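Take a look at the structures below.
Two complexes follow with subunit A in common, the first pairing it with subunit B and the second with subunit C.
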Partner chain A sequence: MNWIRQPGVVAALPAAIFLFVGFAGPLLMVFGYSFMPEKTFTLKQLPTVENYVSVVTDSYYISFTWSVFLAALTVLLLFPICYPIAYGMAKLFGKWAKLVTALIAIPLLISENIRLFGWVLILLKNGIFDGTMQSLFDVSVSGLLYTVPAIVLGLVYVYLPFMLFPLVIGISMIPDVVKEAAADLGANRWQVFREVELPLAMPGIMIGCILSFILVLGSLAESKILGGQAIVMIADDIESAFTFAQNWPKGSVLSVLLIALSGFIVFTLFRRIDLDQVIGRR
Partner chain B sequence: MTGTFPTRHSTTLTAIWTIVVLLFLYIPMMAVVLASFSKLRYFRFPITGWTTEWYSKTLESLSVRDLLWTSLSVATLVTVLSVGLAFFGALAFARYDWTGRKLYQRLVLLPIFFPQAVLGLSLLLWFSALGITTSWKTAVFAHMIWIVPIVILIISIQVYSFDSALEEAAFDLGASRWQVMKEITLPIMSPGIVSGGIFAFLLSWGNFPLSLFSTGADQTVPEWLYAKMVSGYTPMVPTLGSLTMSGAAILLLLIYLAWMAIVRRKRGRAGSQ
Partner chain C sequence: MFDSRISRRNFLQQTGIWAAAAAAGTFPSFARAAREKELNIYCWEGYNSDDVLDPFRREFAATVRAEGLTSDPDAVNRLRAGETKVWDLINVNNPWAREMMYPEGLIKPISRERFEPYFAKMMPQFSPPYRWAMDKGGKDLLGMVQRFGPFSFVVNTDKISRATAEDQGFKLFLDPAMKGKYGILTYDNWNIYHMSVAADVHPFKKHTKEEIAKFGKTARQIFNGAKNLTDDLVQMNLALINGEIDAYFTGGTYTASPARLDGATKVRGITPKTGPMDGKGGIVWIELTSVVNNPDPSPLAEEFLAYVQRPDVSKKVAFAEGTYNPVTQMGNADVLNQFSAEELDAIQWDTLEEEMANSVDYDINPDYSEMYDLYSAAKREREG
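Moving on, here comes the complex of A and B:
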């Protein structure tokens, strides 16, 4: 009975109870609905696995593949874009690092719909890019919007900070002396990067890659606003199953599969890193 | 010399790359502001006629006032409630040593690593199963599932740098639990609480995927913008977008100035003693 009287337990309880009711509850419910017969709105039917079978036989694997592909592509693009900046913020910029941090964090606080709409204005036919090209070079570049590259642009744009900030934390965990020692011992730039920086910054790198991967996996607005009808991503399929099709069990199955995939990745990550060390830099 | 890096050269290159990426981040927002002053009913570049009439039209519109009021109520409630819950959550996360802390740290962060649209839909099922009609109040609840963990994380960063010897010293000198909380713990954690509150407010203000499924008949600004964007162009979209962006900018600036004033006063007091 002493466990409950620890100050940590008392402090943890309010948030823990809240998240139990608001997070664990709904997830269990979705899990339950995924075993209900098609188009039912109660949990009182006999459980069945027919929904899981029909996901494979219907064409839902297409949207799943698109989501996984775009998530992987976004991570592959974001890492080289963000690494130099993160390195600069952690090691080179000195007092400017705070300003850069603020400038990158501020867009996070503005609705992604508004920021994506900015890209619509730029990529639109007769939009900013097309209009500029027309008046300067007399060439029209319409047809940029509602394509897969436009979606990738939007994903890279929206999720950049989620890669960048963990990288900054990771890189600032590298002690300078270690790098200097490696260089003094004759390692070249590339060797220092591969043998010293990467392994030491790995917790931050993994958090950054996995966070952006999972966020893209569940993204909805980018593919709808910048992609139009170009492709369907899994979150879009889930939304239509719940809303237009009014097929809760089908939507639940797709959700369960998406949750299982993200959950598996996150738990693999959490097993390998110590949060006290990464967040508290101890 | 291989031993002296980073070189000046690579620092300059890194700085240039950073500026390029910052421009990449801000150009779309500038495009929205630019479009809001265009006279035409549809968007065309280069812009031929300029006007501010869309601003007065947007501000006069009753539905826009409703939207702003809904978004404001949701964000304010989310901020107050999230910071309250997260303050204690962060103490449990980073300050106290207790059995089960490692597990708690991982579980509490799960909602951040979770697809928001799926979270919104699961909550929709949850509310309907419990017989709760969705409205802006359920949106407050939905936002908090995602925002409370983020605020816990932000406040925790502050808590980690907290020297618990200060609290112990206060206890030894005869302070009560409440006095220690008021005089020591809260003031030291206040920067984390303030930044957590700013994040809570603005993340709720701008949230779309959770609101989409949890507001029921009510509508927040991002939902309205999305609906208009998908169904076609109206000049009120860039206008309302610009308005909310400048609102966020002004809020951040005010908080920054207030913060600087407090810091300066504290320094002045410390200097005069």
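Moving on, here comes the complex of A and C:
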């Protein structure tokens, strides 16, 4: 029992208790509720798997598919948008990098919903964009709002910092001498990028991709506000199950499945990254 | 002997002992004193506005905390999850108190002797004993009514006249010509009731399999014809004013009034003239404010219920921030005289009586869960 007296264990105890009560506890409750009969509000009933059966046989796969598709699409769009900016911030901008960081970080201080409503005013029929196009070019571009592309725009806009900042860390980990050495040995620009830069920045890239993917997977506001619920994302189904449907067990099943999906993706990808390397502890 | 010298060590010991004793509740009088001047209200927006709360805070020297709720079921969930310890008053729509919260022990009755006389001064529809304020046995008074309003759908009267909308009722949304010209305000529970009405099915009665199937078919048709869905009434009004849509499914005075007070009087809540609910086609909601069954209750809860009955406060409640609504106290001339012509027009006072006569009260749908599954599937599988 000597390990209990170790200073490390003692020091970690408050955080461990806090994590268990505040993080693991609620997750276990959700897991427990997922096995309760429909429409019950206690954990004292006999467990059943009927909710899992009904979720699998119902059309919830549509919401899961939309969420996964939009998460993947957002990541695919964010990477090429963020990589050049991150490269500039890490290697080129010098003292201006701080300004760029501030410009990108400041909107994070404003509620996501308010920023999305800003986009509603821009995309609305007779809104800022449509009105400008009408007055300048006599062309009407209404019908942008309440569409899947509007949702994608919102997702890319909201989750950009979550891809960008890990990329900056990843790229700043590439020693310039290594690139110079590669060039000296006859590699062209593309080869330097593909065979030197990308592999060395990979931990940052992976974290950026995972972070934005998981956040989009659980997102709700973009499809509601910009998409006019043109599609239903899984987080929307979960919210409805807990509220309007008054069916906590079904909401719990959907949550458990979403957590399992996110967990599977994170663990599969994290096995490929050395976190110690990212935080500089080699 | 008591050692009066305070060293750092015994200071900490003493503090610890006092803190532990207080936490263990050995000073109940302290705890009670703390709650005598404290009131926590969980309510639809309006009751939480400073216009309503500040005079109460001053008069009773009270600390009042109020949080706005965004859906009835969500609010009731929070009480079920143990927040009866937090709140003193809860304000939700009419059926929840008598059908769910009271039987589940989440709220407690208020004094009939003290509060029934207030009902006598309200509009005649609310005279005592008022059904929704009483428990199922008709014995206990479960809360006070104030805001209410007809709730069916909303049109832009420049595009669809009031008369046409009232005559067609919810069938308007089944007309192929309306495809892509209306939105759905996703207040899911209301949508289910209104889609039932559109399917010629009474939403508040036990249903046959055929009726439920008919509901499911109608729900799909309405979802597939909708241009947009949102749970935000401001966004829906904006879409209506900008011409993105001509009407929205699920709405009424509550949702149309903010746009109307801003001058967009073409935004109008419509109550269908006829329908499948004993000949009626509209539904009306009535808010009920009840005292939460808090184990450590605040004596200010009942005081607040009496306070909001005052004519000036009733007016403030009707026109607090967010949405504007008629109040039952408008049956009293002292209250009614406080409203300007624009304000009365915003809440469609001119047609209120007629709309109420064409509506039934919001109630519990015995087949809600079965219909909800069909509804949510129709929403997910929407072809747009």
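Please note the rule applied: the second predicted complex is superposed on the first by the 260 of 282 C-alpha atoms of A that agree within 3 Å, B and C clash if a C-alpha of one lies under 4 Å from a C-alpha of the other, contacts with A are read in each partner's own complex, and residues count from 1 in each chain.
By our rule, a contact is a pair of C-beta atoms (placed from the backbone, for glycine too) under 8 Å apart; a residue touches a chain by one contact, two chains touch by 3 or more.
No experiment lies behind these values; they were computed from the predicted model shown.
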Task = Answer with clash or fit: subunit B and subunit C placed together on subunit A by superposition.
result = clash
Inquiry  = On the A-aligned overlay, A:Lys224 touches which partner chain: subunit B = first, subunit C = second, or both, or neither?
reply    = both
Inquiry  = Just to be sure I read the superposition right, which of the two partners does A:Ala260 touch: subunit B = first, subunit C = second, or both, or neither?
reply    = neither
Request  = Return first, second, both or neither, reflecting whether A:Gly25 touches subunit B, subunit C, both chains, or no partner chain.
outcome  = first
Request  = With the two complexes superposed on chain A, say which partner A:Val53 touches: subunit B (first), subunit C (second), both, or neither.
outcome  = neither
Inquiry  = Quick one: is A:Leu76 in contact with subunit B, with subunit C, with both, or with neither? Answer first, second, both or neither.
reply    = neither
Message = Taking the superposition on A as described, I'd like to know which of subunit B and subunit C A:Phe244 touches: first, second, both or neither.
response = second
Query = In the superposed arrangement, does A:Val178 touch subunit B (first), subunit C (second), both or neither?
reply = neither
Task = Pick one for A:Val232: touches subunit B only (first), subunit C only (second), both, or neither.
result = second
Partner with the higher number of touched subunit A residues, subunit C or subunit B = B
Message = With both complexes superposed on chain A, which partner does A:Lys39 reach: first (subunit B), second (subunit C), both or neither?
response = second
Remark   = Both partners, subunit B and subunit C, contact subunit A at residues 120, 124, 126-127, 224-225, 242, 248
Key: Residues of subunit B defined as touching subunit A within the complex   = 2-3, 5-6, 11, 13-15, 17-18, 21-22, 24-32, 34-35, 43-46, 85-86, 88-89, 91-102, 104-119, 121-126, 129, 141-142, 144-145, 148-149, 152-153, 156-157, 160-161, 198-199, 202-203, 205-209, 221-222, 225-226, 229-230, 237-238, 241, 244-245, 248-249, 252
Note = Touching subunit C in the complex, subunit A uses residues 38-39, 41, 58-60, 62-63, 120, 124-127, 142, 145-146, 224-225, 228-232, 237, 240, 242-248
Task = Over in the complex, which subunit C residues touch subunit A? Could you list them?
result = 71, 73-74, 77, 80, 183, 186, 188-189, 227-232, 235, 238-239, 242-244, 368-369, 372-373, 376-377, 379-382, 384
Ask   = Mind pulling up the subunit A residues that touch subunit B in the complex?
value = 3, 6-12, 14-16, 18-19, 22-23, 25-27, 29-30, 33, 43, 81, 84-85, 87-89, 91-93, 100, 103-104, 106-122, 124, 126-128, 130-132, 135, 157, 160, 180, 183-184, 186, 188-189, 210-211, 214-215, 217-221, 224-225, 235, 238-239, 242, 248, 251-252, 255, 258-259, 262, 266, 270, 275-276, 279-282
